[in-house]
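Encoded as structure tokens, the structure appears first; notes follow it.
By written order: A, B, C, D and E. Residues from 1 in each chain.
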Amino acid sequence: MSIPILTLLVLVPLAGAIVASLLAKSSESMAKNVALVSSIATGLLSVWMLIKFPTGSAGFEFVSKHAWVSEWGISWHLGVDGISLFLVVLTGILFPLVIVGIDPHHDHKQYLVWMLVLESGVMGSFLSLDLFLFFVFFEIVLVPMYFLIGKWGYDQRVYAATKFFIYTMAGSAFMLVGIVATAFLARRDIGHLSFDLIEIAEKSNFAAGTGRWLFVGFVIAFAVKVPLFPLHTWLPDAHTQAPTGGSVILAGVLLKMGTYGMLRFGVYLFPEAAVWAKPVLLTLAVIGIIYGAIAATMQKDLKRLVAYSSVAHLGFIVLGTFALTNQAITGGVMQMVNHGISTGALFLMVGMIYERRHTRVIAELKGIQAVAPIFAGFFTLIMLSSIGLPGLNGFVGEFLVLIGSFATARWWVVAATTGVILAALYLLWAYQRVFHGEPEEANKSFAEITKREAMLLSVFVAAIVFTGVYPKPMLNRIEPSVKSLLEHVESHSNYKQPEIKAGE
Amino acid sequence: MFGLVVVPTPTWYLVLSAVLFSIGAVGVLVRRNPLVMFMCIELMLNAVNLTFVTVGRAMSDINGQAIVFFVMVVAAAEVVVGLGIIVSIMRRRSGVNVDDLTELKG
Amino acid sequence: MELFVFVCASVMVLVGALGVIVRKHPVHAALSLVLTLFGIAVLFVAQSAEFLAAVQVIVYAGAIVILFLFVIMLLGVDKAENLQIEPLTGQRWIAGVVGLGMVGLLTTAVVSGSDVLRLRGLGIASSVAGENADANIQQLANSIFSDYVFAFEVTSVLLVVAVVGTVLLARRRTGKGIA
Amino acid sequence: MMLAANMFVGPAIDWFKISPLLVMLGGVLLLILAGSLTPQWKQGTYGVVGALTAAGSAVCTAMLWRDLGEGNPSSLLANALSFSKFSLFATFSVAVATLLAILVTSGFLVREGEDGPEVFALILSAAIGGMVMVQANDLIVMFLGLETLSLAFYLLTASSRWRSASGEAGLKYFVLGGFASAFFLYGVALVFGATGSTNVEKIAASLSKDTVLGGSSAMLLAGIALLLVGFGFKVSLVPFHTWTADVYQGAPTPVTALMGSVGKTAAFVALIRVFTVALSSRSDDWRPVVVMLAVLTLVIGSVLAVVQTDVKRMLAYSSISHAGFILVGLVAAGHSASADAGLGTSGALSYLFIYSILVVGTLGIVSVVAGKGDNETSLSAFKGLGKSNPVLAMGMTVLLLAQAGVPLTSGFVAKFGIIRAAVSTESYALAVVAMLAAVIAAFLYLRIMVSMWLSEGAASRDVAATFSVKASIALCVGATLALGFFPSLLLQFTNQL
Amino acid sequence: MISLLAVDPVLNGDLLWTPLLIVVLKVLVVFVTGLVATMLMVWFERKVVAGMGNRIGPNKAGPFGLLQTLADGIKLFFKEDLVPDRADPFVFKIAPFLSFVPAFLSFSIIPLGGDFRGDKGGLVTWFGHTTRVQLADPSIGVLFTLAISAIAVYGIMLAGWSSGSKYPLLGSVRASAQMVSYEAALGLSLAAVILVSKTLSTSGIVIAQSSIGNWNVIATGIVPFFIFFIAATAELNRPPFDLVEAEQELVGGFNTEYSSIRFSLFYLAEFMNTVTMSALMVTLFFGGPQPISFGSTVLDIPLIPNGLEGSVWLFLKTLVFLYTYVWLRATLPRFRYDQLMDFGWKVLIPSSLGWFMLLAAQRLGRNEGWNTIVVTGASVLVLVVCYALLQRSFAVSSKQREAEGSMF
């Protein structure tokens, strides 16, 4: 592999950001072009990587490793496997769409710069195979997100941005201590100080107690990011106050950093502890599912409703992750991507509604279907995907999670299933209140979807339908990695996956 | 010669200096006039000097006295600086009292 | 007899010190300070530190307290402080408790610690011991210019700071920019 | 006593090894002479002389570092100074901070029409004091360095005669500083009594011999406690921090920068040296206390920082919180049994170096924003800075993020070093507390950023900066980013400590 | 056995009655001598000044008016003791003593006599005990005088302040500023003496000046003596440095509000100080009680036993200085305040410092065996450069002061 494709994935958006920030203040269109070029280039690179990715490979591909802080055993170590593959692609595609599709209300140039920085950070987080490097990207993401929410958000933006920043940073505080402790404790087993994920995971042999503490440290950070109940309170605020583009990215990829982290840095590093913590995490996940759903039902604000639905959906992902079976984890990874697509699209549409009506209060929106039928059609499809209707992408992930978890976490699954029903309830009810009925005076002039918006949404819809109908290519690439992960877990703990019939 | 042959041991001196030091410290805490607070700091420094000399004698180490010499220089320089600052404040307004200095409150 | 000297000097020291913190008037406080300083000087003599005793009187009584008095008189800060009004409620009580605590702790520390003061070095020459009247001073000078020669040089920087600083405080630049 | 004068032999003096000090002293003398022998120079030239002096001193230190190579530490001037990588690094740190602060000061004085040699002479003297403190191998030498530094600071604090807050702050600083010095000195006296020496290494030797001797412990412990109180005041640890906010606010802004950088570095390095070298065999006695102080300092510093409305006060409390962080490094270094205790020392030193740069840069910007008269330091003065002066605001943002410890800035490297040290000596809880305090403190930096970027303000305030201030800020921001992206630039040196 | 009190300072050893008796005797002698000398000095001054003014002076009380001072004293003693209403009573009352006591104390370290011939070193034998004719010979000798003169400031300062009146306050502030300023020059010129005699003890200094060639006035070069003399005059607040009691400006100076016995204490202290200072100068620069001798030729006063001869020499030498003081008083006009300060800080202190450096360089050169001419040349060159720089800085600062306006 001559081209360091992963390094490029991180650096291209960053380069775009730097170029754009150096442009004169007046040349906003120029900045937009720069942003487009670099984000689209990143997207293409990610797709190319997807194509090149050898199906069936369980290990890390396209690895790129260079010494960075040799004094501390830290290196620039990137790699991609089945688990991160689609998240990277999702990131690569979502960003150009957001940049093309949604314009901020002011200060375009700065907005674009922050977006590109954000993309670079997210890419880095998904690709890092070095604990330190991962932490750097994980943290650096906060800064652009903070500004995106704080500067381009709605009324309560500063409050929301600050809450987001502080919550996440507090979580990372534990993780940083955990990371350093991990590296130092693993030093005995490895022989030298190293922050390399693979090296630590394969060679280290933590005592049960130690591993559990470290695991807790990591999981707190990820739980905030996911967000797992009861650490979720920042999310509705951040989502509601963020600008549409910010919300899309936040829901689409940022939250996945938490669930991805749990898999990669929780389960992989501390298999024994993951097994140990399983009941607690599953319980929290299920509470999150039900609580998110109920809370969503109560919301008066459409965007807030979608935000709470995210809490519920991510609960499913966590459920899948810690059920610790092949199918459940595969389903969880699927669900990460699917949720990114469908919730991202939902936020996009909520944003469109707000653009038109300058309100998101459900009660004030009524009868939109009558004036904008195509718009309503798009919404319906995306909503159904979010509910998990068979044939659409949401179903595949959710179903795999539930099936896979049933063997190891039966009662939790039973409880979680109510979440599925509740999801149908709150989304359909919301749909009914917004789109059905006689349009009020203010909603009479609700504009139909524009061409640009339609094109934008079609990308999402295409992904929704394709994945729903034909998930096989995705599953083929995800499964080997998941399998090898679970083998790692089994070999490093006394946990054994229950036998289930193969071939889902 | 007077039938009383109690000779003060170093401990006596050390206790005296400890008491003196404490008096000085309390003085800094209770007085509000910076000049007097400042005098209390001098008391504390003197207590320290006494300790050094006593310890030096008890250990037959002349360095104890050498140190006191430096402390005295420091004390002198401190006074010059402190009074300089007080005078420069006084040139702007009259009546130096720590409680009257209220511009800085946070 | 050393007992007699010690008792007299300690009374001077303590009365002076208490005077500093209870006398209302700054001038009286300064005079009390002088009393303490003299007491300390006597205690220095009692411990064969004649040179320091002289320096103590010259520097402290002769320069430092004089400067204090100067400032008090020149600036008219001589209004008495009303000690009846407590600055902060309970502050005096707290300070008293703190003070007593400090006395207790420090006294315990020095009492229990002073038995470990061991003989080291060559001994301190006092005029009592030797026929050379300047022995104490020579010994001191040897210490200052060998062991502590660097410290001695640093004091020069310290004094430069004091001088430059007072110049800075006294200086008034009327011309903005280039004079 | 036969000590005739002609028997006297003075100690050997290796002039080159004290060249950093000598260069500084030369600068002081040059400035004083210039002030008394010549009429007023062209604006800004005094600053140039001062900056060149500090730079020269830094260069000398670097050369000494190179010459030392792998050589063993030694001591100079009859054991008064230690000559090691540790002391050289700290000296370098002081010199660099001085250089940056002088650049800020120069622009400040020119703006206020107060340019003159005295201020720079004082700053350089303060640097001398700081250097003496960090190199001192003897508690008395250390005390004299401390006093030189402190006296210069008192005077500099009170030097803005057009602002009455300045004199007031100077007086408060002076009284409390003198109080603290007395405590420190009494501590020295008791340690002298308990161990028979004021020399750092001799104290250590004496204590390692007597580890089982019970009698000396009370006096020694009292001495250690008093030393800690004295140092606690100087580096503003809670509960000895009460002066900090008033003084930081009242002092002229460049002086605040100097206090936060040179003052903090010098006092902390001295603290670390005394406690990890001289008193290392008693670390079981002092470590619990230091842990308590660290936790208090971290938490209270951060919490109080958040409720302030004046940026200089905020930075004062944030400096307290940072002090708590550095103290965590000391705790780690106190685990003398652990092989990783050295990480605490090197972590604390890197933290100090990085923090010095950050604080000078931050306060440099504050001094620009404060405008003529140095009065506009409230949070609202920063409103709309992102619009009216985006470059400055961006620089401030970088520096604030670094103070918050965001990755890819030097601040993260600093915090990481400390956390690494704490974790390597298994002080996990302390590490977590430190990080959480950093999060609380992050809120404060966010408040300033909110003011700059997210609030509308009087856009057209005049915030012109002179070249030297700009240069200083640019250097600070550049160093912050460079060290953030390439920590090896610093670590290759601190790893040798 | 020679220390601050001429015996073991803290009386550690066994105390015998004879030494104690000797000490008590010495104290009595010194006290009485001091008082009588002061009384006579007052008379002497009045008489001489009168003579110079072509008047008669006191001539009624006693032979040649010798008892005039006593008469005045008795009169003052019986006057009413007034304490002004606005005075600070406690301080007002102790101030005169603070002035009077130090004046006596410094007299205690002056060698008043003794036999310096051969290598007796001024020791005499009384009642079987070898001792010096001097109340105390502390090892810190001359520093003691500096310490005492530092204390002497208090009397004047507090007297002026405690009177609760403007003029005394101004007078006392002036006086203390003057005394503190000139003390520096005094100390620096003393340092030259110490450098040459290698000891601080007054008896040691006297012993070192065995012949005229060794007298410190010559050995230190004449300069330190002049500086000392001038500074001492200023310390004494004698004309032409008597701004403290400038009647024209300050009514009466610091003692305006004093009357009766308290006033007389100030008065006595002043003259006592004059006598002490003269004796001190003789001790430091003119060989003290040593007889005048050229090389090995010693001028011997006939008829007087060797043990007493020292005292006679001291008296004669001191008389010269006393006369000089009176003479100055009768001749010289008073300084202006700024002139006084300028003179002290810009002339006396730099020159005494410079001279001290010169002597130190010479000594170093001699110790290291350097070429004397080169050393002298180099140090003179340095001094000249320093002088030029100093003049330059004075010029610059006065220009700046004009531009900026003075501080107060």
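Keep in mind that, in the parts below, a residue touches a chain if its C-beta (ideal position, glycine included) is under 8 Å from a C-beta of that chain, and two chains touch if they have at least 3 such contacts.
As the structure is a computational prediction, the values presented were derived from the model and not from experiment.
Fewest steps needed to get from chain A to chain D, stepping only to touching chains, is 1. Legend note: the chain whose CA centroid lies nearest the centroid of all displayed protein CA atoms is D. Chain centre most remote from that of chain E: A (centre = mean of CA atoms). When the interfaces C-D and B-D are ranked by C-beta pairs in contact, the top one is C-D.
Ranking all chains by how far their C-alpha centres lie from the centre of chain C, first place goes to A. Note on chain placement: the centre of chain C and the centre of chain E lie 27 Å apart, centres being C-alpha means. Per-chain Cα centroids separate chain B from chain C by 5 Å.
The mean-CA centres of chain D and chain E are about 50 angstrom from one another, to the nearest whole unit.
Counting partner chains per residue, chain B shows two or more touched chains at residues 1, 7, 14, 21, 24-25, 38, 51, 55, 58-59, 61, 63, 67, 70, 74, 77, 81, 84-86, 88, 96. Touching two or more other chains at once are residues 1-2, 51, 55, 63, 70, 106, 109-110, 114-115, 117-118, 120, 122-123, 125, 135, 139, 142, 147-148, 151, 155, 158, 161-162, 165-166, 169-173, 175, 179 of chain C.
Residues of chain D in contact with at least two other chains: 5, 39, 140, 144, 147, 151, 154-155, 158, 161, 190, 193, 196.
On chain C, the positions that touch chain E within their shared complex are 1-2, 4-5, 25, 27-28, 31, 34, 45-46, 50-51, 53-55, 57-58, 61-63, 66, 69-70, 73-74, 78, 127-128, 133-137, 170-175, 179.
Across the complex, chain D is touched by residues 198, 367, 389, 392-393, 396-397, 399-400 of chain E. Across the complex, chain A is touched by residues 340, 401, 404, 406-408, 412, 415-416, 419-420, 423-424, 428, 431-432, 435-436, 438-439, 442-443, 446, 450, 453-454, 487-488, 491-492, 495 of chain D. Residues 68-72, 132, 135-137, 139-140, 142-143, 146-147, 150-151, 157-158, 162, 165-166, 169-170, 172-174, 176-177, 180-181, 184, 213, 217 of chain A touch chain D in their complex.
Per the touch definition, chain D reaches chain B in the complex via residues 140, 143-144, 147, 151, 154-155, 158, 161, 164-165, 167-172, 174-175, 178-179, 181-183, 185-186, 188-190, 192-193, 196, 198, 245-246, 249-250, 308, 310, 313.
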